[in-house]
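Some structures are shown below for you to check.
You will see two complexes here that share chain A, one where it goes with chain B and one where it goes with chain C.
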Partner chain A sequence: MAIRDKLSGNEAVAVAMRQIDPDVVAAFPITPSTEVPQYFSQFVADGKVHTEFVPVESEHSAMSACIGSESAGGRTMTATSANGLALMWEMLYIAASSRLPIVLSVVNRALSGPINIHNDHSDSMGARDSGWIQLYCEDNQEAYDNVIQAIRIGEHPDVNLPVMVCFDGFITSHSVENIELLEDDKVKNFVGSYHPKEYLLKRETPIAVGPLDLQPHYFEHKRSQAEGMTNSKKVILDVAKEFQKMAGREYGFFEEYRMDDAEVGIIVLNSTAGTAKTVVDDLRDKGVKAGLIKIRVFRPFPFEELGKAVSGLKALAVMDKSDGFAAMGGPVFNDVRSAMFDYAKDVPCINYIYGLGGRDVRADDIAKVYADLGKIAETGKVKSTFNYLGVRE
Partner chain B sequence: MAYNLKESTKKPDRLTGGHRMCAGCGAPVVVRTILRAVKEEDHAVVGAATGCLEVSTCLYPFTAWKDSFIHSAFENAGATVSGAEAAYTAMKKTGKVEGDTKFIAFGGDGGTYDIGLQSLSGAMERGHDMVYVCYDNEAYMNTGIQRSSSTPKYADTTTSPAGTVIPGKPQFKKDLTEVMVAHHLPYVAQSAPMTNFKDLYDKAEKAIYTKGPAFLNVLAPCPRGWRYDTPMLMDIIKLAVDSCVWPLYEVVEGEYKLTYRPKIKVPVADYLKPQGRFRHLFKSDVGAEMLKDLQKEVDRRWENLLKLCGE
Partner chain C sequence: MSDKKRRFVFTPESTWEEMPEGGLILDAGNADDFLTGDWRNIKPIWHEDKCKQCMLCYPVCPDSSIEVEDGKMTGIDYDHCKGCGVCAHACKFGAIDMVDEAE
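Then we have the complex of A and B:
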């Protein structure tokens, strides 16, 4: 029987980590992810886990210690936000290229500057090409479920890549919501124990990690890294299927909400999906054929699947909670648009940058997007491809 | 058993030959001496900061390290090895690993005195059972001899060149060993691979087999950066120590002990003379004044150390 509880997103993730009982957690506090290592260090202090908690002096050292630990053969987890993730940057790439399945909870927060502690996606979006798998979560339940699945995805021998589980700062991390937890033994059995093929502490066969890798081999290693990311697509779906059997909750690359006969649709990530779903329901009541796609897996990007999923629409808006500063829209828009060139070329598509630095996103804002889409669907004409929502111009 | 160089070198090398370090470089001598102090039955996880040692000993698909080796970046050897040590502690609890594994991090002065200082400080403060070894060659040699905070005053480097207005590096060398002593670690020592290597071997053994964090600062001259004739390596080291520019001492649980006292204190100029990086000091009256300045600072630090050691 699942356990019904009321937890914040941060606490839900900490509980998942307790149930996973990793060998090492190395973390440094930063708002709004601070509670994750706080809750977890209490589990350590109370002997609820066997984990070595390494309270490092910076996020750079957090990711470095994670790399050392995971290379040594230990299952390793951490959490961070915004500038903390930025300070890890160098090491994110090294973790991925060393094929180390570290699991990192990214509690999404606006990246300085100016300094701001509230939610947007500028932190994890900047790390989208670092070689990490990225899973996005609408609420505390998804954060909990994704952290558990992330272990299995990253550690799969066809993948061997680190995984970021991203959820919205404060909105998800600090809001207490109902949640269904799994029993400890179920999670334990699901993640299993970690047995990497080669690791530093295997004294019979010592290994060297992180060599200088020049022209003769570097490219092949990067090619093999890319293959791991490609392979992860199947593994993500397989793990989701197995998870559904255990937990009863369904996961895929993305969630389609009332998309079957939808004419106008939006693509969002994370908590905004919750707000947008109520707008979709209201519009449906009024006879508007509105739908929504919430991306769960942003890396690897579900190119074909997402392209096909929007091909039946008359108009699509892609919502970016971070700016690309490229004078060509946000990062989600650009990837979606690229997929649409192959699978939904004729669907008019527009981009909104919204909610930066924690700017509130209300149902009215989302309703305005659907209203704009209605006009585009009617006329087939896009006046402006790149738009900002909820900003004083 | 008393230390015997001949006996100790009979142990199989844990850093094999065939690596690409320069002839006359102090670093591999330092590493091999330190690793000889690891008991043959023990496994080691060796970490290295980006630098000469790392790029020259582990070039894919080769490694010169007989033990497990990890390099991840420049500024984080302390944190990286601390993570491996934490995994070891956790995996010991679950019975996943058996036997004794020792954790040793190597960094040059760039990776230790400068860019990696925070990571080193954190790892030592947290109390991981590991040894951090700085092989100090007094500049960023891997990128082509740029000054570091370890570079001695007046040394000519590619970013502190001896010019007509500024005569080399304007600042004195940072005293990192004292910085690490201030961490109140169980074991801190300053050493050099000198004469029969006993000083370094003994300190390495103590550092490796003292429970908790230990720090070794070891002088490792660089023939390219210091510009001495490669066969002079051992002479240069002896002069550094006999001039009291690089005193040999250890601090055990806060207790200072001088481990070598020169019979005759050699003038600093005798140590600097064979090194091209100080050539400009021997060409003018201004240079003579600079030599006096250096001698004064070396004397001041030496006297201070003697007091700390109760000598």
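Then we have the complex of A and C:
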């Protein structure tokens, strides 16, 4: 029987980490890191885990220590947020290219400046090209479930890539919600133990990790890394299927909410999906055929599946909680639109940058987006593709 | 190339499918397989007649290119010597000269 509890997002992730009982957690113990290492260090102090907890002096060191321990053969996890993630930047790429399946919980908060500590997606969106798998979570339950699945996804021998589990700062990280936890032994059985093929502490076959790799071989190593990301698509779905058998909760590349006969739809990530679903329900009551897609897997990007999922719409809005400053749409929009070129070329598509720096996103804001979509569906015309939703002007 | 047993031998023809993932090197000492002698601009010439077998050059060579057998220097490994000249600097007896590689 599942265990009913009420936990904040940070607590939920820390509990998942306790149940996973990783070999090493190396984390920066104060802000801009999160409460996750704080809660977890309590489990360490109480003897609830076997983990070696390394409180490091910076986020750069946190990821460096994670790379060291994962190379040595230890299952390794950490957590961070915002500028902490930014300070990890250099090492994120090294973790991914060294094919080290570290699991990192990212509490999505705005990158300064101007200085801001509240929720948007500029931190993890900036890391989207670092070679990490990225899973996004609507609420505490999904954060908990995704952290558990992330271990299996990253460590799969066809993948061997690090995984970021991203959830919204404060909205999810600090809000206490009802949650269904799994029994400790169920989680332990699900994640199993970590058996990398090669690792530094394997005495019989010594290896070198992270050597200089120049023109003759670097290119081939990158191609191999790309293959790991491609392979992860199947693994993500397989792990989700197995997880569903155990936990009863269903996961895929994205969630489709009332999309079957939808004419107008929006694409969102993370907690805004919760707000938007109530708007969809209200609109459906009024006879508007509204639908919603919530992306769970942003890296690898499910081009074909997502492109096909929106192909029946009369108008689509893509919501970006960060601006990539391409001067033409945020990062989610650019990838969605690229997918649509192959699978939904004729669907008019509009982009909204919204909620930056923790600006509240209310049901009214989302309702306005659907109202705009109604007009676009009617006329087939998008007046302005790139918009800031609700900014004062 | 070394006669040591290798788990993977990197060559300029190695494909991405066969190479170890993540840039791992699976064999200790595989630097032996990479012939770095062609990086050299200046070349050490060993004069056996002036050599006192003092072994001052041997430990300073960063590329393990001073060849030694039974405690005695026997020559220089030009496949790996990068021509840094540290050996010539360390030699107190003028037994190693650095000359232009082109000569």
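Heads up, the rule we're going with is that the second predicted complex is superposed on the first by the 388 of 393 C-alpha atoms of A that agree within 3 Å, B and C clash if a C-alpha of one lies under 4 Å from a C-alpha of the other, contacts with A are read in each partner's own complex, and residues count from 1 in each chain.
Methods note: a residue touches a chain if its C-beta (ideal position, glycine included) is under 8 Å from a C-beta of that chain, and two chains touch if they have at least 3 such contacts.
The structure displayed is predicted, hence computed values, not measured ones.
Once the two complexes are laid over each other on the shared chain, residue contacts for A:D364 go to neither chain B nor chain C. When the two complexes are overlaid on their common chain A, residue A:T51 makes contact with chain B while staying clear of chain C. Legend: residue contacts after superposition of the two complexes on their common chain; A:N160 is shown touching chain C, with no touch to chain B.
Judged by the touch definition given at the top, the superposed model places A:C66 against chain B, while chain C stays out of reach. With both structures placed on the common chain, the touch criterion links A:E378 to neither chain B nor chain C.
Look at A:D23: by the touch rule set out above, it reaches chain B but stays clear of chain C. Annotation for chain A, partner touching more residues between chain B and chain C: B.
When the shared chain is aligned, chain B comes close enough to touch A:L201, but chain C does not. By the touch criterion stated above, A:S98 is placed in contact with chain B and with chain C alike. By the touch criterion stated above, A:G228 is placed in contact with chain C alone, chain B being left untouched.
The interface of chain A with chain B overlaps its interface with chain C at residues 98, 206-211, 213, 217. By the touch criterion given at the top, residues 23-24, 26, 50-52, 54-58, 60-62, 64-74, 76, 90-91, 94, 98, 200-203, 206-214, 217 of chain A touch chain B in their complex. For chain C in complex with chain A, the touching residues are 7, 10, 12, 14-17, 19-26, 28. Residues 43, 45, 47, 54-55, 58-63, 65-73, 75-76, 78-91, 93-94, 96-97, 99, 101, 118-119, 121-123, 125-126 of chain B are the ones that touch chain A when the two sit in their complex.
If you check the complex, the residues on chain A that touch chain C are 97-100, 160, 198, 205-211, 213, 216-218, 220-221, 223-225, 227-228.
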